[in-house]
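What follows is a structure written as structure tokens; I'll ask about it next.
When the chains are written out, they are named A, B, C and D in that same order, and each has its own residue count from 1.
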């Protein structure tokens, strides 16, 4: 019996949903878990892959420097935004030029370090360009229910990380994943990154990391569930605590914002941790992972 | 002084935001209010226009029937979805075929009644088709922060109704409006349709109509603010109460879901009101509007 | 059929709750509505009584001045806090001495104007003292589920206004009301005063006025539902809009914070409106009330 | 610098609050952490004490059985409710008689096993009775801002666990703790037990465990922060995951609901874990604790 079979009033997901609304995302049995490889890294198994890198691909030097350093710490994927959804149409002065250039710089960093790359795609027309460097396409929170775009991404055949919208229920999220799976794309990763919540301890962010969604999602879906504590907390000093908690909660991966010099980050400077913090955190995450029968580093 | 000038901690919007993040959406003075005409109907003045129609354009007969009846009740715009964002990729049996056909049927209804039309657009490539019938393009909640799409819609030159995402702050919403305004499109209407909120009286919906956002938005922006109580409440018996409250709160328009036979609606049958309820509500809305110095019917 | 009978998943209140959890608070038929008189003012009928006054009974002069002025505007009850729940144990310098003295001052204001009084009680041992002046005992949000205290208040025999906790569901609220009704106390009034909600347009308050709860509550309970827009908005310029909306939504009363000189209010100076604003609002509320078949002033 | 010093708009807690609103609860330096012993168990040090037991003290046999078994698993405190806040005034048939009897039964269990006891107190007049058996007084969520009661509990001199209200901000919670500390009571423990949140993955509960509040609270207060994953998740299968995450997040204790036969629990049968699950969880919690430099069992 799962929680969705019981008689308690107020379910988000009903037994019927599992059968008829997201049959491909739903588990077929309690032990059902997707396992697949992306760029030689296994998802859904005992390894807990780590994605690390800056919010924005600010320059070639920066992204190569980050790639070298996160690789040294044992991270598995380089993350960095070239195409970025901005809340307002005006860029701040220090934002710089990224987009096509950012994709080139990511390619350089990948070539220099051999690290596979994940980066956000925001428009169908850029899928071919981004596919040249990305091992995983990231669909951002704000596009989680941009359904025609989901279909276009799925058709690329590339692995996809689907970030949860900060207002989305688990049911909404699995519905969006189903749009990807129905196209025959099986390498789909879910990523929790904080939800809107009442103002309970707001100091730097309006988001709250929802770790309870990890066991909730894993109860109904076989897809790997990654957690991004950097965007949720929006505050570097809380990232270590929430990254370790994510792994203990059973997350199938962790995404971290890392910058060589956080106070000088082009965007959201309160959020990234630096190389030393990452290195120490990788070791601590591995210890926690081993305590729950998994590993972060080899 | 607006609420955003005071020293209380915890502002969503700062004075600096108003100047640098959404200068075009921001009021220039306390009395600043956009007034413009769409298809001969004035927005931002004393009239409170009403948009009415079914969730989905189910058939030509249905949409023509609705158009005739809402016109008789005094509604100003026919609404109806031809392209619809579905949470899951599978259509229910009674969903029917809409999309291109739905647009044709809306055109018939418009021709037969003379009522102007508002309908949702979900993809850039359908803007030309939809523009043939729509007097206003509706951007749905789920696309509120699909920024390249916002730009494409704005460039069409058509008036736009921007629905607020159910997880969006006022700041996010005005940022999205700024993307439309910066393209030179000045006929932009905001529409509140319910937000995610703690489970306070959930019986049929997970949304809560946020009427407090009406004065909050009108404090900082000159754009008209419409309210859609049907999607928020998801429960027809509460629509009358919330429609009247919207007008008393100062809403610049009301959007209502109307169906000739609600229990047989193809989607969300708990939500629409029928023709008799609309007719009675139009009269009551007009009485409330007159009590606050406005009108609904002429 | 009410919304609680339908099959939609995710109900807060089930049909069984209505029968077995709060049978006294529940309506016996769709038209069931409590009507009772307090100090000559009818509740649950066509009148929409108005409660007005300062957050705190700061001094005898102030409360008498307020009583005279709100009576002139047509308000029905004088409100004012003598015993006040403070979030922190330290009083600010300008807080002054209230408590027993405040009760005396309320008695003076009542004697001078004839206005009935509502004031908050926080401890069982003060019920006798407060009963000497209060026509209605107010149970504050923070005590909504202080069950032994609810019982003690109910046993006083005095009419009670039960404010909803800002985190409480409708089910929780009706459960608390049932504790009052089960003691044989039938003059119970519910009061909505804002809930915690995601940070959607926070500028001055962390609360959001929940007007949707008015029709939701009235669907299942026969008790009158009052709305307090001052505490929810925490921002005087939004109070008018939300007070008018409350009446249009069907509220059975409105509670307003009024102060002769808001910027000098001892607590929460952003919240109260002044006498001129009240006077104008009373007239506008009456117009809206008449538009929906009710009245505020005679 | 803490998060509360930065310039980001929208803080819940300001630097001034720390100085003037809760000076006793606030840290004096970044390393400031309260360490104290209760019944020989140290709080605020490297040990992470575990509180285990049933929601309700159903019978003498049951509570003695639980005490023996949780002691065998290494738990540090026996928890169990004798006086319980019920949402509705009617008890279900299987609720049984507890209250004074429950206190006696707890005393028996304590005598037989030597385990110290924590139990909820709901009324000032029962403090003396409960003090005879309780090593820690538990103040429930619903009484978190019952200020006169907080003062009465503090004056008992007994150690206190203050559960966070499900609608309370961190600021509200620390304000309530300050009411305890200002009476000279220094053995105060905070306990997070889930907050109301948008309906993101509701299946069994309307609460969401807020683990982000652990680092947030520890950033500003020196008081130990315990986490109760049972009440938040309301679903036994998620408890293990959230208990491990709590420890990894840095919690200073964990409270678990344990019952010999969960489906037959008198209240909330979906929530408790059984003895075998506790035993296995104690071992896993210890492994995670050791991974972050702490211990659960000796």
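Basically, contacts are C-beta pairs under 8 Å (C-beta built on N, C-alpha and C of every residue); 3 or more make two chains touch, one makes a residue touch a chain.
Quick caveat: nothing in here was measured; it's all calculated off a predicted structure.
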Listing by label each chain that touches subunit C and subunit D gives A, B
Per Cα centroids, the chain farthest from subunit B:
D
Which one of A-C, A-D or A-B makes the same contacts as C-D, at least in over half of the residue pairs?
A-B
Looking at B-C and A-B, which one has the bigger number of contacting C-beta pairs?
B-C
Just give me the whole-number Å value for how far the CA centre of subunit B lies from that of subunit D.
46
Let me have the rounded angstrom distance from the C-alpha centre of subunit A over to the C-alpha centre of subunit B, please.
33
Tell me, which residues of subunit D touch at least two other chains?
10-13, 167-169, 171, 195-200, 202, 206
Considering only the defined contacts, which subunit C positions touch subunit D in the complex?
10, 12, 20-22, 85-90, 122-123, 142-149, 165-169, 171-172, 175, 178-179, 182, 195-196, 198-199, 202, 206
Where on subunit C is subunit B touching in the complex?
2-4, 6, 8, 10-13, 167-171, 195-204, 206, 208-217, 219, 232-233, 235, 237-238, 241-242, 244-250, 270, 284, 287-288, 290-292
Inside the complex, what are the residues of subunit C that reach subunit A?
9-14, 167, 196-200, 202, 206
